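Here it is: the structure, laid out below.
Naming follows writing order (A, B, C and D), and every chain is counted from residue 1.
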Amino acid sequence: MTGILAAVVSLGGFALAAGIVLAIGHKVFRVEGDPMVEKIDALLPQTQCGQCGYPGCKPYAEAVARGEADVNHCVPGGERTMRQIADLMGVEPKPLEEEPAAPMVAFIREDECIGCTLCIKACPVDAIVGAPKQYHTVIADHCTGCTLCVEPCPVDCIDMLVKPELIEHWSWPLPNTDRARLGLARREAHADGT
Amino acid sequence: MVEFALILVSAVLVNNYVLTKFLGICPFLGVSNKLETALGMSFAVMFVMTLASTASWLVQTYVLVPLDLMYLQTIFFILIIASLVQFIEMMIHKTSPVLYQALGIFLPLITTNCAVLGVALLNVQQKQGFMGSVLYGFGAALGFALVLVLFSGLRERIEYAPVPDAFKGSPVALITAGMMSLAFMGFSGLVRL
Amino acid sequence: MPVVSSPHVHGGDSIRLTMLSVILALLPAAGVAVYLFGWLAVYSMLSAMTSCIVSEALWLRATGRDMRRALDGSAALTGLLLALTLPAAVPWWMVVLGSVFAIVLGKQVYGGLGFNPFNPALAARVILLISFPLHMTSWLVPMSAAHPPLNLYDWHICLAFFLHGPQALGMSLDAVTMASPLGHVKTEWTRGIGVNEALANYHYRYLDAFLGREAGSLGETSALALLVGGMYLLARHTITWHIPFAYLATVALLAALFNSIDPNHFAPPMFHLLAGGLMLCAFFMATDPVSSPVTPKGRLVFGVGCGVLTWCIRTFGGYPEGAMFSVLLMNCAVPLIDHYCRPRVYGHGGRS
Amino acid sequence: MGLKRIWHRLSGGVGGFHGGVDVPQNKRTADRPIEQLPLSPVLIVPVKQHIGEACAPLVKVGDYVRRGQKIAQAEGYLAAPVHAPAAGKVVKIEEHRIIHPSGLGLPCIFIEPDGSDAAETLTPWPDWAERDPGELRERVRMCGIVGLGGAVFPTFIKLVRDQHHPIETIILNGVECEPYLTTDHRLMVEQADEIVAGLAVLRYMVGAREAVVAIEDNKPDAIEAVRAALARAKLTHARVVGLPTRYPQGSEKQLIETITGRQVPAGRLPMHVGVLCQNVATARAVYRAVCHGEPLTERVITVSGDAVPNPGNVRVPFGTPVRFLLAERGLTDIDEVCVIHGGPMMGEYLRSVDVPVAKASNGLLAFHSERVFSLRQQEQPCIRCGHCGEVCPVNLVPNLLADHCRNDAFERAEQYQLFDCIECGCCSYVCPASIPLVHYFRYGKGQLAKIRRAEQFAEESRMRSEARERRLEREKQKKAARRQRAKQLARKTDDAGGAD
């Protein structure tokens, strides 16, 4: 009988002590905010396009950090961004839902523009300049190609154009050898989640 | 002094936890994808295992033996290890969020890591003294860390290799682990305790 | 039109040439093997090389790759190396099994040539050693012995031995084998007999060990033949001096140090250098480019590591010979060594 | 230091730098005097022939230009103006394919030469020694002089006197380590006096004490000629150094290490170790610009290779189409052969010969295609022999680096110092597995640059987006405040009304 009592008391006492220590630790090591949000946000391409289903890059980063959103929703970021986020979060990479399109830039056909400023209001990065009743123009170097300005335009005078390839920004492709292609195949296999 | 050195060599090389005792295989395979993660995990395990073997020796000697509660060994040890891991998890979360994310589910997994429980139980079994227990725990963890880091290096290299589809991922990792285990058999008989 | 990058000329070196040069460098050792073990050596080497090439070709076919790659010389080299590390008395099936292990588990599982982290021949040898310890530690009495129990220069006898074992000749394995110097020293030591005495009652002579007139694996006995091959590889620049030098120097230094402390417990450096598979490992196994580091510093570290482990296992371990294990163990560390022993890049640190 | 030398020798070091390779020289045109190439019927002058920003055309279609007239103006700092290579009429200005691996084009000015001698030069300054170095520097800039060794970096930028980093040594690079090429060689033999005069001008400009002309010892006649010219010019503290023939001895950083024993710290300039390095042809161009007022409008090009019936060294005006140039040297089946622009180790394989030569062109080599290794290269798996690392002049680990690039592990590649690679091609040259290592490095560098640009753009976008959000927030608050005030006002008037 005393043996059982001793067992209960010692085990219970020990568990209680451990619980107290952990409770104190919980107070001492409480983490304010989530430092992961900033880290994820830094990986996102900041197009603010909303294609992930969140109203911007930061909200998506918050959702990912909370574990609510998957890592594979950023379309413009593509495979690379997905992998980086997966790495950071310590989860398995997931296949992308959509292939990223070629980088685009918005272009306003100025002779058709009525100067309504609706596109200016829609632009998440202030890349459209113009005043009411004046022609608007896209600052091509600032445009993220998010297409958010296309919808609001009442006269449909905004086109999305493919960004022209500059000779300064050209980069070498992979060598045209079996080995290099093998590497590519491996990456694609990864992207398919196999 | 020589005895302690032998305990260390034995725990690290000859009776390596992963490659000869086959304990702690889960984190060995799970956290060895990247060198950085493996290093982080190694430190965490070293910390936990040393502390766990110390604490469990203390409990064993000053609580269980006097009260004749040896049959509660396992449950006591699990309790110790679980609360230790919880505590360390909170600490890492505060001090190094990236390591925290990298260790992911593996930190809680240390709780049920058979290597940690194994070292506590084996200490009792081998009737080690206090210093012996601490060293044995540390040595076992060091052996685990050594093998984990070596293995993660190998896996990073295999990651680039055109492994046939049937062997991709775990199969080739297990074959590699087997090869390492074979190589470690060379140490057998190195130390006779 | 593909985009091609400079340079548009090439020095003309190729994998096949590299492999052939290593095979060429192994020929002296193979010759000694034939001298010592007659037709048995020929059978072992030929069957190992053929089964390596055949299993590689079959594997390549099964995985839908170009079968001709099996002829790039690397499979043949693996087979030859494996055969040279085997004792002469192993039966044919063990040779074939080892070859298949080497090619499939040691190499092709990882994607073939260039990706195997472990030396395939050594991996196979260790698998065999652990699976068949008796066969793998029974050393046939060589033809250089005073009274060889078998005439190994008779191809009939050898064929029977190779296919059916000593029983086919009405002999037991014990009758045709003897201890190797390393094994002898180890067993005597466990019986409490010191190194010097053990060597004396073995009639050990350095000249025999240097020339290879002693029991051991097919190709490991003759330090001279291996040195000749190693020098050829060094001269041809197939290997660099780092690994063999660091490896041999470490073993010699450790041996010399401890031998001077207690000569009766620790064998002398010359004995270590000439004994067992050290020379073979130092020049041909540890220098296998695929499974050794690529940087000069890394190669030195690798060699030193091999040396320390070899000496430790030989001196303290359960196995008499540690060279194979030590190389395999260091193979595990190669990616890390490569990562941490990168050379100092031009313009970074150091003098400015 | 002693240990370091021993280590260097044991690692296979021959020159004063790590690694390097011995490439068959094939300098078939070494004894062919420089000839003048006839004018092509049309000259296609790209508006950018240097490293840096493109220039803006100064002329219109239909304008008549004289030789040496400035036809494109530098807009940024890192740029060199372009001058008309011959007198004639501007027939069109449009985008045209240039010598570039992408096969993309740049705006080019098309000039139809009329064969006249009309030339425009600046005032010759034989009295340069009395002028201010800044003035001379401006002259070098205006004459569009760029490094003619192949890097085409605007020369004037390097010609500064910096108090923190005084130039002690000026090195004239006459090494020309690329196989086949003999332009610098011939120039040194034939124009040694002008080169030495250019050296004197350069040395005066940067205030260096010591001057070294570095020439590989496979060009004894050039060494002799420059030595004699130095003696004639009575330059003090100037010497010719014969260097062991070892590719890439002529690479700027390696040359500096060989001669001074110092390494240029990563990310810094030769200036930071007190050295100015200039090609011999650049020195001559500086002399022509200062003492004769001539802008840079032509250069010497080696035309060689086993497909060229009549190899030689020719002086070519910029803008001459490659097709015309090769046809002039007797090559009839131009479309059947492979043309390489530059040397075989670092040159560029031309996918089209309808491109103009420019300031960077030091050689045009035409080969039968089966002779060009890069075209028939079959990459095999790396056997990690380590030869690539042994020959790497910057001491990289090329095979691991290529592994990282091939597998898109660009951060790892950067950690392995990808950007220190000088793309000399030694690693690919010795690789027994025929791995196009340099190609992988170029791929990796390009992708990393792309990633960096994307990151920079993302950062700017983030700032813009945050600024916008702050603005919207402010506007909202303002609106709220206004509404509040309006409400209060209304209440006041209500109150007032109630009191009525």
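Of note:
Methods note: a residue touches a chain if its C-beta (ideal position, glycine included) is under 8 Å from a C-beta of that chain, and two chains touch if they have at least 3 such contacts.
Fair warning: this is a prediction, and the values are worked out from it, not measured in the lab.
Relative to the whole-protein C-alpha centroid, the nearest chain centroid is that of D.
In this structure, the chain pairs A-D and A-B differ in their number of contacting C-beta pairs, and the larger number is found at A-D.
The geometric centre of chain A is 39 Å away from that of chain D, both derived from CA atoms. Chain centres here are Cα means. That of chain A falls 37 Å from that of chain B. With centres taken as mean Cα positions, chain D sits 51 Å from chain C. With centres taken as mean Cα positions, chain D sits 56 Å from chain B. Looking at chain A, one finds that residues 172-173, 175, 186 touch two or more other chains. For chain C, residues touching at least two other chains, in rising order: 3-5, 111-112, 115. Residue positions of chain B with contacts to 2 or more other chains are 160, 162. Within the complex, the chain D residues that touch chain A are 98, 100-102, 104-106, 377-381, 406-408, 435-436, 439-440, 442-443, 445-447, 449-451, 453-454, 457-462, 464-465, 467-468. Contact residues of chain A toward chain C in the complex are 172-173, 175-176.
Listing the residues of chain A that touch chain B in their complex gives 3, 6-7, 10-11, 14-15, 18-19, 21-22, 25-26, 29-31, 35-36, 39, 88-91, 182, 186. Taken together, the chain C residues at the contact with chain D in this complex read 1, 3-11, 13-15, 17-18, 74, 111-115, 237-238, 240-241, 289-290, 292, 294-296, 299, 338, 342-348, 350-352.
Those residues of chain B that touch chain A in the complex are listed here as 59, 63, 67-69, 72, 75-76, 79-80, 83, 86-87, 90-91, 93-94, 97-98, 101-104, 162.
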